[in-house]
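Below is one structure, written out as structure tokens; the observations come after it.
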Amino acid sequence: MKKIEAIIQPSRFDAVKEALHEVGVDGMTVSEVRGHGRQKGHTEVYRGSEYTVDLLPKVKLEMVVPDRMADAAVQAILKTAKTGKIGDGKIFLTHVDDAIRIRNEERGDAAL
Amino acid sequence: MKKIEAIIQPSRFDAVKEALHEVGVDGMTVSEVRGHGRQKGHTEVYRGSEYTVDLLPKVKLEMVVPDRMADAAVQAILKTAKTGKIGDGKIFLTHVDDAIRIRNEERGDAAL
Amino acid sequence: MKKIEAIIQPSRFDAVKEALHEVGVDGMTVSEVRGHGRQKGHTEVYRGSEYTVDLLPKVKLEMVVPDRMADAAVQAILKTAKTGKIGDGKIFLTHVDDAIRIRNEERGDAAL
Amino acid sequence: MRRLFLGLLLGTLLISGLTAAPACAQSTDSQGAAAGSASSSASLQEQVGKLQQQVADARSSGDNAWMLVCAALVLMMTGPGLALFYGGLVRKKNVLGTMMQSFILLAIVTVLWALFGYSLVFHSGTRFIGNLGYLFLHGVGAAPNPDYAATIPQETFMVYQLMFAIITPALITGAFAERMKFSAMVVFMILWTLLVYDPMAHMVWGKGGLLNATLGGVIPTLDFAGGTVVHITSGVSALVCALYLGKRLGYPHEPMPPHSVVLSFIGACLLWVGWFGFNAGSALAAGSLASSAFVATHFAAAAAALGWSAAEWLRNGKASVLGAISGAVAGLVAITPAAGFVGPMSALVIGLIAGVLCYLMVAKVKGRFGYDDSLDAFGVHGAGGTVGALLTGVFAVRAVNPIFKDAQGNALAVGLIDGNARQVINQFVGVVMAWVLAIVGTLVILKIVDVLVGLRVREEHEIQGLDLSQHGEEGYNLEV
Amino acid sequence: MRRLFLGLLLGTLLISGLTAAPACAQSTDSQGAAAGSASSSASLQEQVGKLQQQVADARSSGDNAWMLVCAALVLMMTGPGLALFYGGLVRKKNVLGTMMQSFILLAIVTVLWALFGYSLVFHSGTRFIGNLGYLFLHGVGAAPNPDYAATIPQETFMVYQLMFAIITPALITGAFAERMKFSAMVVFMILWTLLVYDPMAHMVWGKGGLLNATLGGVIPTLDFAGGTVVHITSGVSALVCALYLGKRLGYPHEPMPPHSVVLSFIGACLLWVGWFGFNAGSALAAGSLASSAFVATHFAAAAAALGWSAAEWLRNGKASVLGAISGAVAGLVAITPAAGFVGPMSALVIGLIAGVLCYLMVAKVKGRFGYDDSLDAFGVHGAGGTVGALLTGVFAVRAVNPIFKDAQGNALAVGLIDGNARQVINQFVGVVMAWVLAIVGTLVILKIVDVLVGLRVREEHEIQGLDLSQHGEEGYNLEV
Amino acid sequence: MRRLFLGLLLGTLLISGLTAAPACAQSTDSQGAAAGSASSSASLQEQVGKLQQQVADARSSGDNAWMLVCAALVLMMTGPGLALFYGGLVRKKNVLGTMMQSFILLAIVTVLWALFGYSLVFHSGTRFIGNLGYLFLHGVGAAPNPDYAATIPQETFMVYQLMFAIITPALITGAFAERMKFSAMVVFMILWTLLVYDPMAHMVWGKGGLLNATLGGVIPTLDFAGGTVVHITSGVSALVCALYLGKRLGYPHEPMPPHSVVLSFIGACLLWVGWFGFNAGSALAAGSLASSAFVATHFAAAAAALGWSAAEWLRNGKASVLGAISGAVAGLVAITPAAGFVGPMSALVIGLIAGVLCYLMVAKVKGRFGYDDSLDAFGVHGAGGTVGALLTGVFAVRAVNPIFKDAQGNALAVGLIDGNARQVINQFVGVVMAWVLAIVGTLVILKIVDVLVGLRVREEHEIQGLDLSQHGEEGYNLEV
């Protein structure tokens, strides 16, 4: 099974979630993160002292899916998260050894 | 060495931490995440406009352990995080290549 | 390519970011986490009821880099994040299968 | 620490030893002194003459104390009250931008008022606007203006009324929250104050104004503390703004829950507290009319909170906190024109009606028509103000406020339940005037501002939020 | 922006040119007018007669101004004051539910008070409860009720006292925080107001009440602003609730730190500010007794904050913010019954004692007995109120308030240090009455409500939190 | 610590025993009398005599109502006002520590004031400090002190002035925020109150003080509500502290943005509201001077908010919320000494100047010199206070306040624009005195405290934050 980690623009999150749902990915874990990359940040000024914020709010989705679903999931994300502007984010794919559903201790693909 | 990632109910966190401690897992990194899965969320209504929240608060534990401890750790989590209801969460196991303790640059299992 | 996950002291974050920038690592994703380890926490007392906080604020950096850059990145982190005191944090290295830049669907090292 | 402390103690004792000496001579009772001691030589007539002045001063001292406090309370309604109420309702990224809109109005309207606003409203002039006799507050000083308030310095009256001129435009900002350019807002508000608020306030409250009930108006409309002047003008203008600017990106599909009902709660409570200054202060003196208006205000707020909560409970099975506080505000809005005219039981009824009605406006009507009145400025202030203005015509009674008198000075019937059905019509006329002025004025101003500076922020700025895009700041920086 | 600005400036100048004309006639000095100009023809006696009424009005204006402000201040104590103080102390998931309990009481108690509550407390009746002469506030209007306050409209007195009736039950909510059903709370509070508050308030403050010190009571108990009526009844009822409902899930093993000491801090400060309305307002006039009560209130709060902080410092090596603000509240509670009877130095002593004592209650006693008085409503209000009521018997002096007089009108000793040891016993009786009434009344009501609707939320609702489970909302939605 | 504590307790009891004595005999009850029925048998003269007392009481009732409210408002400025303003500006880890500094001063300064502070300031004594005639508030009761305020109980005056003594040291805490030990702060403040505030306040406001403008001072300096006494002393001492303590770790490289501009916003608004008590209350009565000061205060705040915002807009292309609220505070600071002396248009000018100037201080000058005045206590209060004190000499006019009179009682010119150029020099002398006293006094005290307890927290404590290291708490616990 594969873990898909997608870092996306917060404003695209709802669309991405929906698209994933459509290709059959339901389980996911979401966190608020801040991203640093090519996208340039902004400057804030407090009483004359400027400071540059180059960490921008992003949403990180993590979902572990059976190998066969990975592609569809990635496509769903790409389709909905892309705005074509710098800062759209990244997707990373990693191999996961095992998954366990805590509720009933199911393992492997069945647990996803 | 293995990374164990457990997404659990916030209310079970203290118990899980304790159980892990007992089997010898001390180091871990914890984050607040929101989970999406089979567990159905709830509806909030603000001035008559309803909206459905299907992202529920969860706690994510990440711990990297030597291979031989992985099983004990997983069992400890299962034992304490399980309530038997939908939404109890998942455990994922991944292979980790190396670990380094920043303080003294120890590597490998010694760093855990 | 490799994913470097570094859990560091929040007060070292700016220095680490700068050092990584210097060795050519720009993209990274940052999150606020809480760490549990050897570093002992502190006690808070509210109206006479004490409680021990053993989860301390840490910053987690995640960056996926081409294999050849991994070492330099790790060194940069070690150099800047180390204070020599317990609680300095850990670095974990994992193999990543693939990376995709959402904006233009580039894949592999080119996406980083 | 210990040593220091001992040292201090010692020092203190030492000093006290050195100087304790005679001291506290302060004995001759000087309380009476203020009134002047009855010098036996002065003729009684002289004493009485002097007393009359002193009594006037004493009366003024009580009334002025009250009115200054009320002015401070009404300021507190805008900042922090309304700013928090609205600030809590928007998304985190817009909290500062939203609060700033109220705050900058504090500053801008104050300056406009000092320069010419007060004059345009309260100097006599035409039926529709005052003239510039009080330009730069010329002649507005310690002496009372008996047309408006005979027992307090005109300066007090002026600054008290200023607070109304501040909060009224601030109420509008709820309608275009999260999407209007700051610069556009500033220009819009300057024009709106001049073209909508000042005329309307003059018509209702200014000497010789068209709708003034006591100072020579043609159509005597009752508006104790600003149902037409404050709430209808702002609420209806809000609706116009919401329609003209269009919806927020993502509305209504994306959830846009309040980022902090806690902030809104604080704001609502401060609005409630401040509203006593608004309504009871509109008696312009600390007499029993102020007490009556105070009670009516409080009762209407309470009843409306229950009304909204009950309606919600029936419909959703739960009473929400946002509902309860919104209901209270709706009740406060509706009682505003009526506060000094109705008895306590009528206030309960008015509040109850307003609570249920505004709930329906916000939860049903808005959804049906689909406009994006983001923070329900129209649903609460427009609707609540209108129903309040009309119900004032129903529930006003001479027993509370004998405002209409015949030639012999006998009190005449005031509202419908008092036997004066006509008043409902007068109220209706006042309401229509306010609606028309607000709609036309606001449309014209929006058009002007749209052409001059553009109304809406750019799409990416709307996504980024007003705080960063308009002000270069963030509301919260909670990372370590 | 720049162009617009210029345009505006130009426009302004233009208008000023057009209308600058004559204007500012406002010249005839009208300051004296209020007092009536001394028409030489009127007989002196007539003038004096008229003056007497005007003086009464002037006096009333000052006192009424004060009392209306105090009413607003006491409202501010409940919302946002207490709501924030309590709201900050609970976990995030319960913040709205906790604040809502205070807020809905604002609404509910107001309506009950308007319908019959005021009558039950302040109309004369039996020794234990008033009769229904003031039902629906019949006869409660502009005229003062000289039994209670001769210089302010009875409506003012009524609404001021209402604010006490609101905050008292709201204090109880601290004991059952984070686990009581909203519906159960509502029913409980309606009954509690009727069966505990109204009788107790009548006994102590109502004309002919059993414990009334000046209006025909049998056992003259001193309670200036509500030590027995407000703090003991609420604090002891709180303890009963905490015991009856049982502990929160996880208590005391799971940590349940305040989710925002910042909110509690704001709340505590607003309580302090509002308490001046509570205590100094209880003089029911703006004379020197109000000043004295104001000073005593402030001093006790300060001393108690230091007392609690010092105790903490000794025990933990640190003074906490939560400790300092809790101490201030404890001092305010303890000085409440005493405020209008004791001198400033005694107030410092009372505050200091209360600060240390309440700290011990909360940090030691509670732990030993193991009840879950979640926000220490008993530890602070029950204990602080009790010690304050007793110390009032010790420190009350006629120099501050000559409340007891002999037949010749000479002031008699008031408290123990004034030479009247008996008063301590009277205070003790008052305290016992309040404890007994609170315990019995609350137990009965809890039983009833438990049977009717059930007291506690379901376990999963308690875990989910009151905000979502009871109100369908969240306090904070900080995600973008 | 423990022993000391006992000593204090003992001492207090002792004092309360010694002074509980007779005290001030509560003027004959005039409450019911107010309406006084004209008994036809009483001679007219008697009636008039009685009326005179009643008029004095009525007057006092209005003024006392006002002054008690003002005292409450000024308390609200420190807590929650200033505490929030400052608390929002620091990083999250220091929010409680910062707010605690204000709060503990509420408690400490109150006790010091009760014991000897009031006496040192307001009892006559030398030109530099009062003597101990009012030790333990001996003789400070219901009777007015006509030297200061003839129409209110001296107790009211005392507690009102206390609120100024509280907020002044609290302002300093902005300079050493995020790095000073709590224990050091406590000791520093006790000494500072004694050695800087009390003398300065006596010199300017105390009878016979060197700079007192009306009660026998040598160099009549105008300071209506505390430009020199409050803002210069605190602001300049703040600068000294910032320099002495050195920069925060990481300053200025690490970003240290305000953790919650929202909190600061609430604080600033409450400061604005409370400032009416501060400035208009300094009229010490509810007459037209209070109204005038109220208006000047409000206008200056508004103009300064615009001034700062405009300056920012010009320089950064954006007006920030933090800028607008900082500007308002700067305007309030600058108008403080002038409030009761200048007309409304002058107030606008003063505000505008202060807004721009303080912006430059904070955004340019601070950066150039590189000191770490963390929350700009010097930039706003030191600079704003100084410019305000000087401009008072320019804009003060007899038309607003005829403070200087010739032998015949004719009003003399007051400030420069009134024709009295000398006053600017007097103001300058006052300013210099305040600067010198603040610099020298603060340096000495810092040295002492540094030796005794050490000023700065340990490095790891600074990183951890004051909340945890000094108080063992956290401001927010938002995890479920």
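Should a chain be cited, it is by its letter among A, B, C, D, E and F, assigned in written order, with residues numbered from 1 in that chain.
FYI, contacts are C-beta pairs under 8 Å (C-beta built on N, C-alpha and C of every residue); 3 or more make two chains touch, one makes a residue touch a chain.
Predicted model only: the values in this text are computed from it and were never measured.
Quick one: how many steps at least from chain E to chain F, stepping chain to touching chain?
Minimum number of steps from chain E to chain F: 1.
B-E versus B-D: which interface comes out with more C-beta contact pairs?
Per the contact counts, B-D leads.
Just how far, in Å, is the C-alpha centre of chain D from the one of chain C?
Centre-to-centre distance between chain C and chain D: 52 Å.
Which integer distance in Å separates the CA centroid of chain A from that of chain B?
Roughly 18 Å separates the two chain centres.
Using Cα averages as centroids, what's the distance between chain A and chain D in whole Å?
About 47 Å separates the centre of chain A from that of chain D.
Two or more other chains touching the same residue: where does that happen in chain B?
11, 31-32, 44-46, 94-95
Give me the residue numbers in chain D that touch at least two other chains, ranges are fine.
44, 48, 51, 55, 58-63, 65-66, 69, 142, 257-258, 266, 316, 318, 320, 322, 472-474, 476, 480 - these are the residues of chain D that touch more than one other chain.
In the complex formed with chain E, which residues of chain C make contact?
Answer in residue numbers: 44-49, 51.
Per the contact definition, I'd like the list of chain E residues that touch chain C in the complex.
Residues 252, 255, 257-258, 312, 316, 318, 320, 322-323, 326, 359, 362-364, 366-367, 376 of chain E touch chain C in their complex.
For the complex, which residues does chain D have touching chain F?
So the residues of chain D in touch with chain F come to 1-6, 8-9, 12, 15-16, 19-26, 29-36, 38, 44, 47-48, 51, 54-55, 57-66, 68-69, 71-72, 75-76, 79-80, 83-84, 87, 95-97, 99-100, 103-104, 106-108, 110-111, 114, 136-137, 141-142, 152-153, 155-156, 158-159, 162, 182, 263, 266, 467, 470-478, 480.
Quick check: in the complex, which residue numbers of chain D touch chain A?
Contacts found on chain D: 254, 463-464, 468, 472-474.
Show which residues of chain E lie in contact with chain F when the two form their complex.
These residues of chain E touch chain F: 44-45, 48-49, 51-53, 55-56, 58-63, 65-66, 69, 73, 91-93, 146, 150-151, 257-262, 265-266, 269-270, 272-273, 276-277, 280, 285-292, 294-295, 298-299, 301-303, 305-306, 309-310, 313-314, 316, 318-322, 324-325, 328, 343-346, 348-349, 352, 397, 399-402, 417, 476.
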